[in-house]
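Shared between the two complexes below is subunit A, which pairs with subunit B and subunit C, respectively.
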Partner chain A sequence: MIKGMAQQLKWQLGTVVEIREETPTAKSLILDLLDWTTHVAGQHVDVRLTAEDGYQAQRSYSIASPPGDKNLMLTVERLDDGEVSPYLTDGLGVGDRIELRGPIGGYFVWDPRNPGTNGHPLFLAAGGSGIAPLMSMIRHRASTGNKVPTRLLYSSRSYEEVIYREELDRLSAHDPTLRVIHTLTRRRPPNWMGYGRRIDRAMLADTAWRPEEKPLAFTCGPTAFVETVATHLGESGYEPGRIKTERFGPTGG
Partner chain B sequence: MAEQFISRGFKGRARHTDRALKERIPPGQYETKEFPVLSAGPTPRTPLERWDFSIHGEVAEDLKWTWDEFLKLPRETSTVDIHCVTKWSKLDTLWTGVSVDTLLAGIDLDAQPSVRYLIAFCDGGYTTNLPLADVRRGKAWVVYEFGGKPLEPVHGGPARLLVPHLYFWKSAKWVRGFELVRDDRPGFWESVGYHNYGDPWKEQRYAGD
Partner chain C sequence: MQDNDLRLDGNAAGGLLNEIFRFEMTAAEATCGGCGTMRPIGELMLYQHGMGAILRCAECDTALMRITYIRGCYSLDLSGMTYLRITSETH
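Showing the complex of A and B:
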């Protein structure tokens, strides 16, 4: 049956109630929405900007806050040649409003109520701001006390560019079932003990759950990153249907 | 509501001054010169010796082509604009492949007017549904070259469906065949909140649009 009666996702205004500087290039916008159906971790919203002459631009942004939070968090990486992201990171202040609609997407989601999900170890691989939808999953896990063994492999260019760094440190320090593994691909602080290269087969073999443990994997980041993760996990024996991918190119923003 | 909400201080990119070009970008889309990649899971890689293309379902006799046979079918080269639901549009993309009319030529569709839909199925388990009317009469192809070169796996190679007048998720990557059916049924994205038909000019992105 075709769901012909589906409700249209309506555009609504969100008011910026807080702006967090996550890194030199990324900011989180905390938005207050009047009419929000709760989302599932991993979903996104569409943001629409309208210029005075009526010109409009739309982009998708993953939701970084967990289901059930009063406000919605979007984390935006500023792309210098972008059309929308510089406005969101530099043009908005507390009290300003933006139009958005959602939540959107029913595949790249971690919902413990779905079959084959709860009790299955979670492997998350994030490249740069691809952390946002995975952070929603990690926060959802924390806010509900879910103890599914979870590993996050997170690739950033430098220590300063690790988004949500302190929160990830805090969450993993208090939860032995959550492990966070960083790799820094361009610059590393002195005495850095973590990985210092782009993600590769050996790193995935060291950090990912073995396929026999029937894990569920989510990876989000630039195309080449996601392609590497998904290909190697598949070759190591993960079922293709249990490797969920979300990609963003350098374009757009 | 919010029909006239203005994003204070938002200017946007320079607009196309060329009216003809401007009119080729559907509402809510922006033009890119790149070719972004989007897919739900790992990129399948089927060796060509194991690849085939088949048509089954409501047909008198199933049809099947091997890779070599497929390459010998009459080929067409088309220059089309493509529009992805994630907001990018790419103009004047060049594809080579086989017209869906050629693939359906051996089936007497007029003799069975109640067969009105097609489910494209793919390596990796992806499916998408289309009205037959949307893939006939020069509207759709199964393509294996992009820009004059073999289609790369990340973009759907060895072969993908090309239905440029609908959002690009309907142009299924890694396509392996069609099932012809009487009753429409949602494919992969159509089952998880995306629009069943996906006309970019009507901005049919999500269910209910």
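Showing the complex of A and C:
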């Protein structure tokens, strides 16, 4: 943390060093940047594309990799009518470069060094690709050996669309202080034992920490999802300043 | 699709606000001139358009900041905001 210093973010080029197919519609881009100061879990970058005629389109993407990683991971969900995401998911190859600036954000961040953070149970609620900044927190927790009790409630349309599924299974299998609860809203495999509906008050009451446990909550996903989570947690007694929200709209772009 | 579906929040304005204020602005706190609610900018509602963005109060919909950027000029209408508190710490 740098105190008392204003700093203008500069656009820079990131080189794609790896592309991972996370689900049929989401890909992770692993980027190498020359000039990168480490980020804090929860932060994002702005990505800017420029067409040959000079037209520019810009979107924000959360950083999914943990602080301290050499490369940066962005996970992009392909939206058929999007302006930016189809290029990022289908138009890019290893060795290509994209323009970005960051890291950005000081509100939607989980930094154990901040007051009122470390030692407080974490409740994370993700809708679809809203998992990305929460995954940075989970990976940061794992890479630093932080054992703050953590629950992730993760809503996906189907089993195949659960981003980072195997990694989440692996992390939670080896760490009794991390619990991952899935809900599948559209299609479920046979014998599915988890939730099978959209997140609602009853599901949050079953899975979230009680307010007396002084938890810290982060929720990221489509606007309606985030507002459902924030409203119900607020009504259950969570303090407003301890529910951090990030909406990516319906499209993210 | 309804207008509300296009809504983002102030987190997504962090890059744009950094161009103008040079500080990390999503954690800066703003007081709404309409209803008096004080919130981090990250919790305001963001409406983006071709030439800029509008940040509105999540409680009463008052526009706290209207930002346009046209031909090298940033214009800010801050008439809906009574107070802005920026912490000079950046990660």
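Keep this in mind: the second predicted complex is superposed on the first by the 246 of 253 C-alpha atoms of A that agree within 3 Å, B and C clash if a C-alpha of one lies under 4 Å from a C-alpha of the other, contacts with A are read in each partner's own complex, and residues count from 1 in each chain.
Heads up, the rule we're going with is that a contact is a pair of C-beta atoms (placed from the backbone, for glycine too) under 8 Å apart; a residue touches a chain by one contact, two chains touch by 3 or more.
Just so you know, these numbers come straight off a predicted model, no measurement behind them.
Q: Please tell me, clash or fit, for subunit B and subunit C sharing subunit A in the overlay.
A: clash
Q: Should A:L34 be classified as contacting the first partner (subunit B), the second (subunit C), both, or neither?
A: neither
Q: Check the residue A:F108 against both partner chains and state whether it touches subunit B (first), subunit C (second), both, or neither.
A: In the superposed model, A:F108 contacts both subunit B and subunit C.
Q: Go through the superposed model and pick first if A:R247 touches only subunit B, second if only subunit C, both, or neither.
A: Once the two structures are laid over each other on A, A:R247 reaches both partners.
Q: Which partner chains sit in contact with A:Y87 here, subunit B, subunit C, both or neither? Use first/second/both/neither.
A: First partner only, subunit B.
Q: Decide which partner touches more residues of subunit A, taking subunit B and subunit C as the two options.
A: B
Q: Just to be sure I read the superposition right, which of the two partners does A:Q7 touch: subunit B = first, subunit C = second, or both, or neither?
A: In the superposition, A:Q7 contacts both subunit B and subunit C.
Q: Have a look at where A:M193 lands relative to subunit B and subunit C in the superposition and call it first, second, both or neither.
A: neither
Q: Quick one: classify A:D96 as touching subunit B (first), subunit C (second), both or neither.
A: first
Q: Of the listed segments of subunit B (9-17, 63-71 or 171-179), which one clashes with subunit C in the superposed model?
A: Once both complexes are placed on chain A, subunit B clashes with subunit C in 171-179.
Q: Do subunit B and subunit C touch any of the same residues on subunit A, and if so, which?
A: Correct list for subunit A: 1-4, 6-9, 46, 58, 60, 104-108, 223, 244-245, 247-251.
Q: How about subunit B: which of its residues touch subunit A in the complex?
A: Residues 1-2, 4-13, 15, 27-30, 32, 34, 36-44, 86-88, 124-125, 154, 184-186, 188-189, 191-193, 196, 205-209.
Q: Can you name the residues of subunit C that touch subunit A in the complex?
A: Contact set of subunit C toward subunit A: 1, 4-12, 14-15, 18-19, 21-27, 40-43, 87-91.
Q: Okay, in this complex, where on subunit A does subunit B touch?
A: Within the complex, subunit A touches subunit B at residues 1-4, 6-13, 46, 48-52, 55-60, 83, 87, 91, 96-99, 104-108, 223, 227, 230-231, 233-234, 240-241, 243-245, 247-252.
Q: Show me the residue ranges of subunit A that touch subunit C in the complex, using the header's touch definition.
A: 1-9, 39-40, 43-44, 46, 58, 60, 101-109, 111, 223-224, 244-251
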